[in-house]
Structures are given as C-alpha cells and as structure tokens.
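Shared chain: chain A. Partners: chain B in the first complex, chain C in the second.
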Partner chain A sequence: MQPPPEVVHWLFSTGFILLGLFLVCEVAVGPEVWRKRAWRAYLWPGFLFGMGMFMWAVSVFFTTSTVHMIAHGIWAQAMMFAGACLLGLARGKLRSPLWTLTVAAAFLVSGSATLLHESQGWLFSRSSFLHHLEGWAAIGAAVFPIGLSFLPRSRFFSLGLAAVFFFIAVLLLCHRDIAAIFGHISPEARVAK
Partner chain B sequence: MPLRRLLPLVIVAAAVALALPALAAAHAILGASQPEPGQRLNTTPTRIELHFSGPLKVLPTSIQVLSSTGQLVSGPPRLGESDRVLVADLLDPPKGGYTVRWRTLSALDGHLVSGVYTFGVRYPAPPATAAYGTTGPGSDEQVVRWVYFLALAFLGGGLAFRLVVLRGLELPPRLRRALTIFLGASVVVALEVGIIGFLLRASNVLQVPFSDFLYGDVSPLANGTRFGQAFIALTLGLVVVSALIVLSWLSDSERPLWIALVLTLALSSGLSLSGHSSTGPAAWGSVLADYVHVAAAQVWVGGLSALALCLWWTAPELRRTAFLRFSKLATVLVVLVVGAGTYLTIRRLTAVTDLWETTYGNVLIVKLLLVALALLWGGFHHTFVRPVVEQPGRDGFVGRLQRSLLGESAVVAAVLLLAAILVNSEPPVPKQASPPATPAAAAPLAPGVAPAPVSVTAAPVRP
Partner chain C sequence: MAARIDRIVPAVARRSRRGLVVAGVGPLTSLAGLAWAFVQPWRITFLHPYGKGGFWYLLGEPPLLVILVGILFHWFVALPLLEDLAGEEDA
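Moving on, here comes the complex of A and B:
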C-alpha cells in the first residue's frame, strides 16, 4: 500500500514551502530575535535533513524505473549531507561558514541528477519541461548558498534561497496534472484516477 | 533586495509554471496485470493483460511469456481495450512456473520501458530473482556483496568498539572525531554499495541493455522477493543509523550510538535472510546460525580495524587499555564464529566428500584455512602478546603492534569475502540412491521366463 506519486510530490512541496518560510521568517525578524529560542537555529537544517531521510523511502518504495530510484537516492543524500553540515554549523561543531557550500553542492548535484535523468528535450512534454526547469533552477540556485558562505548575514542571499525553495515547491505541485490546483485539464488526468 | 520587490518575481514564476500546457507527467508504468505478479493460477490462463498508466506503442517483443525451459508460450502482442492495455494470447501453457518479460514504448515521453515478473499455473510462482534467463550472481556481485559485508562490519564493529571496548574511558577529541568519521564513512559506503548490489541483481533479472535498464521496472524484485525486502529494510535501517550517528555527533551523547549498534546488529540478519540459508527445511536454525556467524565476524573485523586505524593514531595513551579490552571481546567473538560456523558446516554438507567434490565445498575449504590462520593470529595475540602488553613500561612494543593488528583484520576481511560467496551459493544437494526406472527402460522378459514377485513398500513422504 503506497500513496500515489502525486501525493508524495505534494508532501515534498509542502516541505520546501516550510523551508522557504523558515528562511523568510529569520530574515524578517533578524537572526538575533530568531535565535532567542535555541531550537529555531536547528529548524530549517533539521527539516532539510529529515526531508532527506524521507526521500530515501521514496527511493526504495517507488521502483517502477531504475533511473527514478537512483535520482531520488541522490537527492536524499544531497539533502541529508547538506542538512547535517548546517546542523553542525548551528551546533558549533563546525566553525567555518564555508560549510554552507555543501548546500550549493547539494543544489548542483541534485540539479545535474534531475537533468541527467530526463532523456527528452525541453518541449517534448510537460514532465520534460518541468524536469529541465527544475534542474536548471537547482543549478542556478547554487549561487545563493555560495553567497551565504561568504556573506552569512546577507538578506539578499537568504531570501534568494527561500525563493528557490518556493519555486521548486510550485514545480513539484505542477508535476502531476491530477493535482487539485489544475486538475481535469488533461484527458490523461481523468483516466489516471 | 527588499522582500516587496522579490515577491512579484516569485508570483510570476509560479503563474508561468501553473499556466503550462497540462500533459501527462511521467512515462507509462505497469499498474494492474492479469495474471498478477507472483500469482498461482489453478486454471490454465488463455491470455495475458498488462495495464499501464499511460498510452503505449506496441513492439514485437512487448510481451513474452516463457516457460521454465525458455519455451515461448505467448502469441504476438497487441493493444487491448485501450492504448494503455497490452494483450497477448497464451498458447495453452501446461503446469509450471512462467516468466513474463515486457518491453514497450511509452507514447507520451518516448521512453522504452521494460520489466519482468513471474506467475505459476497450478504451481507456485518462482521468485523474480529466478525468472527465466536470469543467471546466478556473477563475480561483480560477489565483490559488491563483500564490500557490503565489510562496510557493515566497520559500522557494527566500530560502534561496538566505541561503546564496549572504550566504555568509561576519557576519549580525546581527536579520537572522537576519527571514530565519527570512521562510522560516517562506513554507513555511507554501506548505503551506496547496497544500491549498487541491488541494481546489479536487477539488471541480471531484467536482461536488457543498460540504456533500457534505466527505465526498467524493478518493483517486482524490490517488493516481491526476500532479496528486495532485505534491501529495503537494510537501506531504511542504515538511513536511521546515519541519523543516529549525526545526532550523537551533535549532542556528544552515547545513547543514540547504543540504538545504532542494536539496529546495525539487527540489520546484519538481512544478509542471512536474503541469502541461501533462509530456504530449505528448518531454515530458522540455519538463518540464526548464519546471522551469529556473520555478525560476530563483522564485529571482530570492524573492531580490529577501528583499533588499528582510529585509536592507534589519535590516542597512543589508550593503546594498551584498548588492546587488552578488545582481546577479551575477541575471545567471545571467536567462540561464536567457530561455534556457528561448525554448526552450519555440519548442516549444509551432506557428506565429507562434498568438501572436494563440490564448488561450495571448495570455497568452504579455502574459508576454513583462512579461519584457521585468523585463529592462529588471534591466538598468538592472546597467548603471547597480551602478557607482554600487560607489563608496565613496554610502550615501544605496544606501538609496534599496529601492523600485526591490520594483518589480522585483513585475514578476517578475506574470510568475510568467502562468507559473502557462500551466503549466495547453493549448498550441496543430498544424492539420490538411484534414479527411478522408467517403464520404457525396462527390459522385456525372455520367452518362458516367469516374472519374479516384486514387493513394494509405501512410506509416507515427509513434508
């Protein structure tokens, strides 16, 4: 008994929206106010790490194609690794802000995996278009954590990172045309139910 | 950039994404099928139906139903009630196990998708790993399985070393860091190699070129076989173990590592459950012995490696204490390894001659020789080295022990390689007294010779 793939996409979309909201909240109130409660420092890194753990479940339970299994495994590892490094930074186990570059590495690896696992061109189909858009968005998004590793208090880079998470969340919602926000547009949607 | 200026960009991007033409999202995947994967049918099926999630294009080899001898029992494939259904007539398949190999073109995204599953006609369906055309584990799979064993050994042994051998000692930060890296690297390698091992087996089962394998359906292997279930359990378990290691690193607490140790030792049972020992009569005794055998060997080699690779470099002041403590633990581990190994040897060999007459026996002989070497090495450490180490003022002697410890680790690691091969191998089958005579082979009686009376005793067949 496993949920339909679109439900899993929605769950991860929700996760990315929350990641973005955490970052926006921190920027809105400022790091000093945000960290007045110690647990808030671990909120978005811990959430990223947890999403990586859940992505493993997607990798091993949704095995209808090898390439998707591998791609989800890569995304899971990228999220867990980046999340663990950010947790180490928040805890003080890691000191150099350059560890934020692991988030950039996660974006680059995830984006490359997304592009490599799509064998068709941009305009072949909706899914192809979304995969290309997600891949290049992730690769382009690496600029924000790179900026944060050199300017950790930059509002621009923090909000840019949050915007990327929102954008990826929207793309994930678009992935299945039986999603509620634009369901019943395609004849495929009706049959897939 | 102020939030007010960034927000419109996000809204525009979201609107563009939502306004895209809505087509189907992914390539066609197999949903329902008739017969179902793993199904045992009590009547002879007349046709096979495969229902996909998207439209298809039919290829000449879109459906092939093969008997256990490789005979094709399906007619030419065609589309069924819609362009999402593939159908082929079955040519009155007799009783037996059957393999379904399907390969079709997903019309929406142009991907060539393929898969395999099995069913039985008045006969149990064979597991997907035994589908027709599948060969046994190759040398690449054996090596990958060995690395998997080693990574789990480093993980379990490293955790046992950290928690049991170093219990109550004040650990210097360098040693803590080294052990964390050792455990982290072990769990990552175990995860990666586990995936590689699964995909190697899957490619062997699917029997398609690599480019097609990328879009191959491996779900019958993942969900319908013990091998696949063990892979899922081990992967998810290792993910939890990795999280516990991170938690312990962040909190400087040993408690998460205790849970990780218990979980890792429990996960080692997956190696036995997915191997050969879980089949046959009274399999649980065999599985338990196999588990104890492998887990004890893993803690042995992993603990030795953690001692020689982590502690020796980072905490010279703890070498003596750690060596003496590990020596005690190793004695218990050796007893478990030898005891369980002896039980397994007796159970699996039907006769002493199997040792030199079968491949399984040949591998076992090499393994026994290596085990003997490891026991001699460990016995040397225990009997001759330990008393010297216990004497005060022998720090120079203790410092020179590292190579010897690494040598012992290497021998036990080689034993694990052979254990990895044996777990995947078929033990010797008991020989039958004589083949049953067939009526056709019976010689006709000569004229004038009276037939001798024949007495037949029927005994109930043991289940």
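Moving on, here comes the complex of A and C:
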C-alpha cells in the first residue's frame, strides 16, 4: 500500500502550490485584510508545519537507504521547527521578525538534504537532475526569508518566496520513476518502456 | 454558492487590482492544470491504455491535482478573502 516515489513528489507539490498561492494573496491584499479572519494567519505556517509532519512519513516508510531516512528526518525537523516559529509569530507568542530566519534555515537544511540523498552525479537521470535542481533552488531561496526577517513587509521578498514555492512545485511535478530526461545523451540513462 | 460568487467576484475584481489578483490566481492555477492535461495527456494515468499502478496512480494524477488545488484554493481561501476585501473597501 506504499505509494510510488513519483506519486509522493506529486502530492508534496500540491502543498508547495498552495504555499505560493497563500503568499501571493497575502501580498495582494496586505497583512491587515489577510488577518481579518484568524485562521488565515495560521494558513501558511500551519501548512509548512504539516508538510514537515508528512516528511516523517517519507522517512519512516521509504527505508531503501540510510541516507534517505536520515536526510528526510532532519528535513522534517527543520520544516516543523520553521512552521512552529511562524505559528508562534502568527499567534503573537513570538514577536521578533528575526524568527523568520528559521525558514531560511529550513531552506538550507532542505536543500542540503535534497542534494545529499541524491548525490550521484548522473544528471542525465531525471531523478538525479531534478533533485540537484531542487536542492540548489532551495539553498538559493534562503535569501528570501533572510530578507523577510529584516524587512517583514517587503513585497519583493514575499513574492520571491512565492515564486520559489511555485518553481519547486513544478520541479516536483516533473518527477517520474522511469522516464529518462536526457536519455539521448547516454545509453546509461534508461528510457521508459 | 453560485450566487455568492456572482455577488462577490465581479464586484471586487472590477473595483480593484487586489481583488482581481485574489479572484484570478485560483482559476489561473486550474487553467494551467487543464492546459497541461491537453499538452501531456499521458500524465493522466487513468487514460493509460493498459492500466497503470492502482490506487495511488488513480489518486495522484498531476494535471488533475493542479486543477483541484486551484478549485480548492478559490473556494475555501479566495472567496472568504474577497468578502473581507469588499468589506474593507466599502468601509
């Protein structure tokens, strides 16, 4: 009953699309209107926390390699910690916008985990290529939450963060278990039958 | 709900660019998924001629997931937000 890895990537992509949509709308209407209903303030921090929880399931059920398990476990902790800090900020328990730096830390940990658990250099393989792209995108994206921690109302950094979520979602949707991406370059890259 | 959409979306979207963005992002997401389904119909696995996978491949159909996300976002997040935005702009 375990889902194929490609399906897991697709399901996670829906979470990233929603994170991006939440941010775009929050920037469009401004934080005052966005927080008019209390539940909306918790939407994207809650989703980040929830996605971290689902990452534990990936760590527990996909046990083909130790590196995979450890990477996803650390990744889950980083996402849940960042989500929890943002929930604290939304609730008012935490006050300093510098807590947004935990999102930057989550991006750095996520990017490193993505690169480490798919570290082989066969970039003509779809899975390897996409994981490298996702990993470096996540590491580069850390600049946006860093910017937001110093300029919390910056539209540039908020929309930049939303764009990164959309980009990662597209990459996750491109995952396929057997379809080659650059199969014409090397016979070692398997072609889908 | 249809009456609610007719009442809120055109009014707010006509009045402000903010409303247009909020009213538009969900449908745009669904449209992107629909366009993708036409460009790559083989990504909709229930159309596979010999059958593929099972439960998980019926659940995870990438273009349909994108369409569903757009609809759910519009229904549950954008519409209440448009109501609040209309109230804010009327005040």
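Points to keep in mind about this one:
Here is the rule we go by: the second predicted complex is superposed on the first by the 174 of 193 C-alpha atoms of A that agree within 3 Å, B and C clash if a C-alpha of one lies under 4 Å from a C-alpha of the other, contacts with A are read in each partner's own complex, and residues count from 1 in each chain.
As a working rule, contacts are C-beta pairs under 8 Å (C-beta built on N, C-alpha and C of every residue); 3 or more make two chains touch, one makes a residue touch a chain.
Because the structure is a prediction, the values reported are computed rather than measured.
By the touch criterion defined above, A:V7 lies against chain C but remains apart from chain B after alignment on the C-alpha atoms of chain A. In the superposition on chain A, A:V67 makes contact with chain B only, while chain C stays out of contact range.
Shared-chain residue A:V33: touches chain C; no touch with chain B.
In the superposition on chain A, A:L43 contacts chain C only, with no contact to chain B.
In the superposition on chain A, contact of A:S96 is made with neither chain B nor chain C. In the superposition on chain A, A:V24 makes contact with both chain B and chain C.
With both structures placed on the common chain, the touch criterion links A:R126 to chain B but leaves chain C unconnected.
For chain A, the partner with contacts to more residues, out of chain B and chain C, is B.
Where the contact sets of chain A with chain B and with chain C meet, they give residues 6, 24, 28. Those residues of chain C whose C-beta lies close enough to touch chain A in the complex are 18, 21-22, 25-26, 29, 53, 55-57, 59-60, 62, 65-66, 68-69, 73, 77-78, 80-81, 84-85, 87-88. Listing the residues of chain A that touch chain C in their complex gives 1, 3-4, 6-7, 10-11, 13-14, 17-18, 21-22, 24-25, 28-30, 32-34, 36-37, 40, 43, 173.
Contacts from chain A toward chain B in the complex involve residues 5-6, 24, 27-28, 49, 53, 56-57, 59-61, 63-67, 69-70, 73, 76-77, 80, 84, 87-88, 91, 93, 119-120, 124-130, 133, 155-156, 159-160, 163, 166-167, 170-171, 174-177, 181-182, 185-186, 188-189, 191-192.
Here chain B touches chain A in the complex through residues 1, 3, 6, 9-10, 13-14, 17-18, 20-27, 29-30, 53-54, 84, 108-111, 113, 188, 191, 195, 199, 202, 213-219, 221-223, 231-232, 235-236, 239-240, 242-243, 246, 249-250, going by the rule given at the top.
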